[in-house]
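Once you scroll down, you'll see the structures, which are given as structure tokens.
In what follows, chain A forms one complex with chain B and a second complex with chain C.
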Partner chain A sequence: MKLDTETFRLSERGGFAKKALIAGVIGLVVTVVAWFLDSARFYHAWLTAFAFWISLSLGALFFTMLHHLTGAQWSTVIRRMSESFLAPFPYMAIFFVPIIFGMHDLYHWTHEEAIAHNPILEWKTPYLNQTFFVIRAAIYFAVWIFLSRRLYGFSKAQDEGHSPELLAKMRSTSAWGMVIFALTITFAAFDWLMSMEPMWYSTIFGVYFFSGGLLSAVCLITLTALWLRRRQVLDTAITREHYHDLGKLVFGFIIFWGYIGFSQYMLIWYANIPEETSWYLMRWEGSWKAVSLLMILGYFSIPFLITIFRATKRSLGLLGFMVVWLLLMHWVDMYWLVFPTWSGADGNAHFHWMDLSAVVGIGGIFLWAFWSRYAAGPLVPVRDPKLPQSLSHVNF
Partner chain B sequence: MAETKVTPKLEYGMIARFEGPKELLHAAEKVRDEGYTKFDCHSPFPIHGMDDAMGLKQSKVGYISGVGAALGFALGLWLQWWTSAVDYPLVIAGKPFFSYQAFVPVTFGLTVLFGALGAVFGMFHVNRLPQYFHGVFHSDRFPKFSDDAFFVSIEKEDPKYDRSSTMSFLESIGGAEIEVLEGE
Partner chain C sequence: MSASSKTETTPVVEEPLITGNQTFHTVTDVVSRIAERKTTVTWLALVGMSASLALVLLGSIGYLVWEGVGIWGLNVPVAWGWAIVNFVFWVGIGHAGTLISAILHLFRQRWRTSINRFAEAMTLFAVICALIFPAIHVGRIWVVYWMLPIPNQMEMWPQFRSPLLWDVFAVSVYFTVSLLFWYVGLIPDLATLRDRAKTKIRKLALGILSLGWRGGNRQWINYERAYLILAGLSTPLVLSVHSVVSTDFAVSMVPGWHTTIFPPYFVAGAIFSGFAMVMTLGIIVRKIFHLEDFITINHLEKMNKIMLLTGMMVGYAYACEFFVAWYSGNVYEAFTFVNRAFGPYAWAYWIMVTCNVLIPQIFWFRRFRRHVTIMFIATIFINIGMWFERFVIVMSLARDFLPSSWDYYSPTIWDILTFIGSFGLFFTLFLLFIRFVPVIAMAEVKAVLPQADPHHGEKH
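== the complex of A and B ==
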């Protein structure tokens, strides 16, 4: 891999796209085999992997819009990276199809007999029915694909020749985009994850899903930059100062995730209403308790105490380790959301190879889509007027 | 004729004026490299890279704030444990006396409060504030530093300080209008 430092274009792209594509295809084939072995288990593993990867794209979408809305300068060098993580959206829409086929295994509210005996579920049918579920998913994807194409389109137009109108358009799109983003991600989290237990509800659930996704997106951007740095790409453009700032965001969003997670827990704990507490009770029994404790300690407490120090954020090795760890924790978080309701579970957490193959399968395609977009053009928005400030950015 | 009392003049150090921010930055580097430690730069606005040029270490305020936050955390937890589990135990909603879940918001609040207080007063401490008087006030020119002037001041306390050699050193690095700070 080689970067032309004048144009910021890769003169030699390396073999990553091919490797990612091969890994993705192998992962998908193995996961299809898993479907024949145990289709219910497969759908849960698939939903976990799907929720993990789409949350990264959603986090990157938020990060891109936040960059435009705040008029940030420092993050201009990583903006194209963030925009390229929006490329997988159409593929993720295709990967949603198995979830439609697996609805019967995933969502209890699709069972006619369950609704017939439950007046509350019956009352919820105008929202929780299969047709509307699919229509809503189509709307979410349409919104996300439209938003990401629009933002990326303006950004590409900037490479041809900069004009102030483009910056204004990116900003105004982000303004209304942020509002519909908030609505769509909230309802997507309600539909895909929360409705697995249709009697349970938590109004903050969408924010919880969003907070983990945003944290992971910042982690993924940091990891990608570090990965490029080892190949001497953008190593002079993305400096320790940028890593320091990314580290601050990682630190801040760890707190945000913990704050939202606890906010949800505390209200339910305090009110102590059986239909609400059952969700946590299920995750506090058997080996799920260990997973819950791992979430508290491994996703919040310990990373909080490690990343609070300036030295951590400026040490590329330690920061790199932390972002990999946090991405792993985010996957465990998705697993923790999805799997307790799996009918085959005996109240304990079980790991299966198809959990891994689904992550590799979707992830391979995700990273292939990312890299195909990112490596094709300049790696930074070369004509953006804020680029010089970003390149020479220094923390006080 | 009234008797005039003569008090010996005290020497505080000296200031030198520089042309602009760039010159001040280079002057700071040279003063640092010469081995001076008790000196300061005065400019109407913050200058990028000045911390490095002056050889300043990372501020300690973060650690003071961290200690404050840890104290606030401990105090918040202790306060609620003492009031609701020891001194006046009341059964609330059938929950244990020491219900740490319910204590989190107050503990969090006190952590933030004491962390913030640590940051503010830590900043006062490392800046040696409040300070009612400083040697640079003896200079009539000095107030212009908040308008359009750039000064380097070296204190007499500095082990390298010597009236004549410091003066010629400041002159050699481009300082103008060098003034010895003296007063009662």
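== the complex of A and C ==
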């Protein structure tokens, strides 16, 4: 892999796209085999992997819009990366199809007999019904694809000319984009994850899903930058100062995730209403208890204590380790949200190879889509007026 | 790496933060003079008025102590009335100052320098007003110190599981740290005033307060470090205080109170109301003391954007609560929300929605974001709306689980006088602040002037 430092274009792209595509296809094929073995388990593994990867794209979408809205300078060098993580959205829409087929196994509210015996589920049918569920998903994807195409379109146009109006357009799109983003991600989280236990509800659930996605997106951007750095790509553009700032965001969003998770848990624990506590109780029994503790310690406490130090944020090795760890924890978080309702779970957490193959399958395509977009053009928005400031960015 | 011809860009022209071609000297002069000039008649008249209102507060509290909380409109389902509404209202207002000084500092938002001083002062005064309400609501105010965990021979301790006790800790820590933060920021400016002082007493007083500040290199290094650490410490406090306040409601099982989104929703609301109050006061101060070059329309526009954002967050929380109240299938939740919107307090609910959600939408338009009169009116509405938000939440009590105990809360004259009186205290403190302390952080404003850039004047 080689970067032309004049144009910021890759003169040699390396074999990453091919590798990711092959890994993705193999992962998908293996996962399809898993479907024949145990279709209900397959759907849960699939939803976990799907939720994991889509949350990264959603986090990147938010990060891109935040960059435009705040007029940030330092993050200009990583903007193109963030925008390229929006490329997988259409593929993710295709990967949603298995979930539609698996609704019966994933969502208890699709069972006619359950509704017939449960007046509350019957009450919810205007919202929780299969047709509307699919229509809503279509709306979410339409919104996300539209927003990401629009933002990326402006960004590409910026490479062509000096037009300063494009900055204003990106900013205004981000302003109203943020509003519909907030609504769509909230309801997506309600639909895809919260409704797995249709009797349970939590007003903060959308924010919880968002907070994990945002943290992971920043981790993924940091990881990608470090990966490129090893190959001497953008190593002089994305400096230790940028990693320091990314580290600050990682630290801040760890706290944000912990704050939201704690708010939800503490209020439910304190009020102790059975219809709400059941959700946590399920995750505190058998081997789920270990997973729950892993979330507290591994996703919050320990990363918090490590990333609080300035030295961590500026030590690229340690920062790299932390972002990989946090991405792993985010997958555990998705697993923790999805799997307890799986009927075959017997109240314990079980790991299966198809959990991994689903992540690799979707992830391979995700990263292939990302890299195909990212490597095709300049790796930074070369004509962005804020680029010089971003390149020479220094922390105080 | 230098930007080459292929990556050539048109540079962004940012709106200047400080206008009017200020120099270091004019900054010192304009700001110091406000605190140095002779007391004006207008100021005396204003202090007279607000101090009289503060006396009304004092009188109301006196009568309350004498007679008991029965003088308020409290009744059995609504055992928490205006006192808790006012407490949350004032604490909320006290959020903007520290947000501006700490969080915006960490986010390198240099425009905060023009507004942080008086926003922080406002924070302190608002928290003082807030603390009064729970303290006087305890009934036997002479044993109010029982709220603190003081070792005693009765081995009597406060209930550590009660969010009301967490409030005591959260708010007092917040007040302490905000005060320290404000004072540390003040030191260089107090030294400036000391150096300009003409009389002996003034020199002595300011000399003591400025802690021997000489503006040396080493002092500045320590100062900047201390400021950054305090900013880091204050940031979680901005979030924690109002989160804890929200748990006063949310840990309970009362429908409409017990909902998981409360902590972040309350924080967003607090920042929203705090900014509205900073704007209201800022616009007046700017006008009276001709500080238009320091608190420019650019600053006001940025603050309006933050109000739009936080207003939308509050609107998101209203919508989310409403949806989940239906989605939950819980009849009590659903009833509470329908009752809020169409029940006996529907008027308050719709005032809240109009002021907090609809009115801030005007800030989508640049024209309104930069129109001083319009934004001033909008901030007043937001202040009102945010008071009503807390009122609406508290009044969920009026219709509890048992229809036979339903009641309607009507404030008595004492409720009203106490609340209005708290504004008297707030404005009195604020006026004293304006009179004696530089209202704008001079040292910090100088740092954002173009001349402060070490490369200023160099040709590229």
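By definition in this document, the second predicted complex is superposed on the first by the 396 of 396 C-alpha atoms of A that agree within 3 Å, B and C clash if a C-alpha of one lies under 4 Å from a C-alpha of the other, contacts with A are read in each partner's own complex, and residues count from 1 in each chain.
Just so it is clear, a contact is a pair of C-beta atoms (placed from the backbone, for glycine too) under 8 Å apart; a residue touches a chain by one contact, two chains touch by 3 or more.
If you're wondering where the values come from, they're calculated on a predicted model, not measured in any experiment.
With chain A as the common reference, chain B cannot sit beside chain C without a clash. Of the two partner chains, chain C is the only one that A:Lys386 touches; chain B does not reach it.
Of the two partner chains, neither chain B nor chain C is touched by A:Leu37. With both complexes placed on chain A, chain A has more residues touched by C than by the other of chain B and chain C. Legend: residue contacts after superposition of the two complexes on their common chain; A:Ile94 is shown touching neither chain B nor chain C.
By the touch criterion stated above, A:Val394 is placed in contact with chain B alone, chain C being left untouched. Of the two partner chains, chain B is the only one that A:Arg310 touches; chain C does not reach it. Of the two partner chains, neither chain B nor chain C is touched by A:Ala142. By the document's definition of touching, both partners, chain B and chain C, reach A:Tyr270.
Overlaying the two complexes on chain A leaves one chain B stretch of 24-32, 114-122 or 150-158 clashing with chain C, which is 114-122. Taken together, the two complexes place residues 266, 270, 396 of chain A in contact with chain B and also with chain C.
The touching residues of chain B, when paired with chain A in their complex, are 46, 48-49, 51, 58, 62, 66, 93, 101-102, 104-105. Of all the residues in chain C, the ones that touch chain A in their complex are 1, 3-4, 6-12, 107-108, 236, 239, 243, 247, 250-253, 258-264, 312, 316-317, 320-321, 324, 327-330, 364.
Residues 5-8, 70, 119-121, 123-124, 127, 162, 164, 167, 175, 179, 182-183, 186, 190, 199, 201-207, 236-237, 255, 259-260, 263-264, 266-268, 270-271, 273, 275, 382-388, 391, 396 of chain A are the ones that touch chain C when the two sit in their complex.
Those residues of chain A whose C-beta lies close enough to touch chain B in the complex are 262, 265-266, 269-270, 272, 308, 310, 394, 396.
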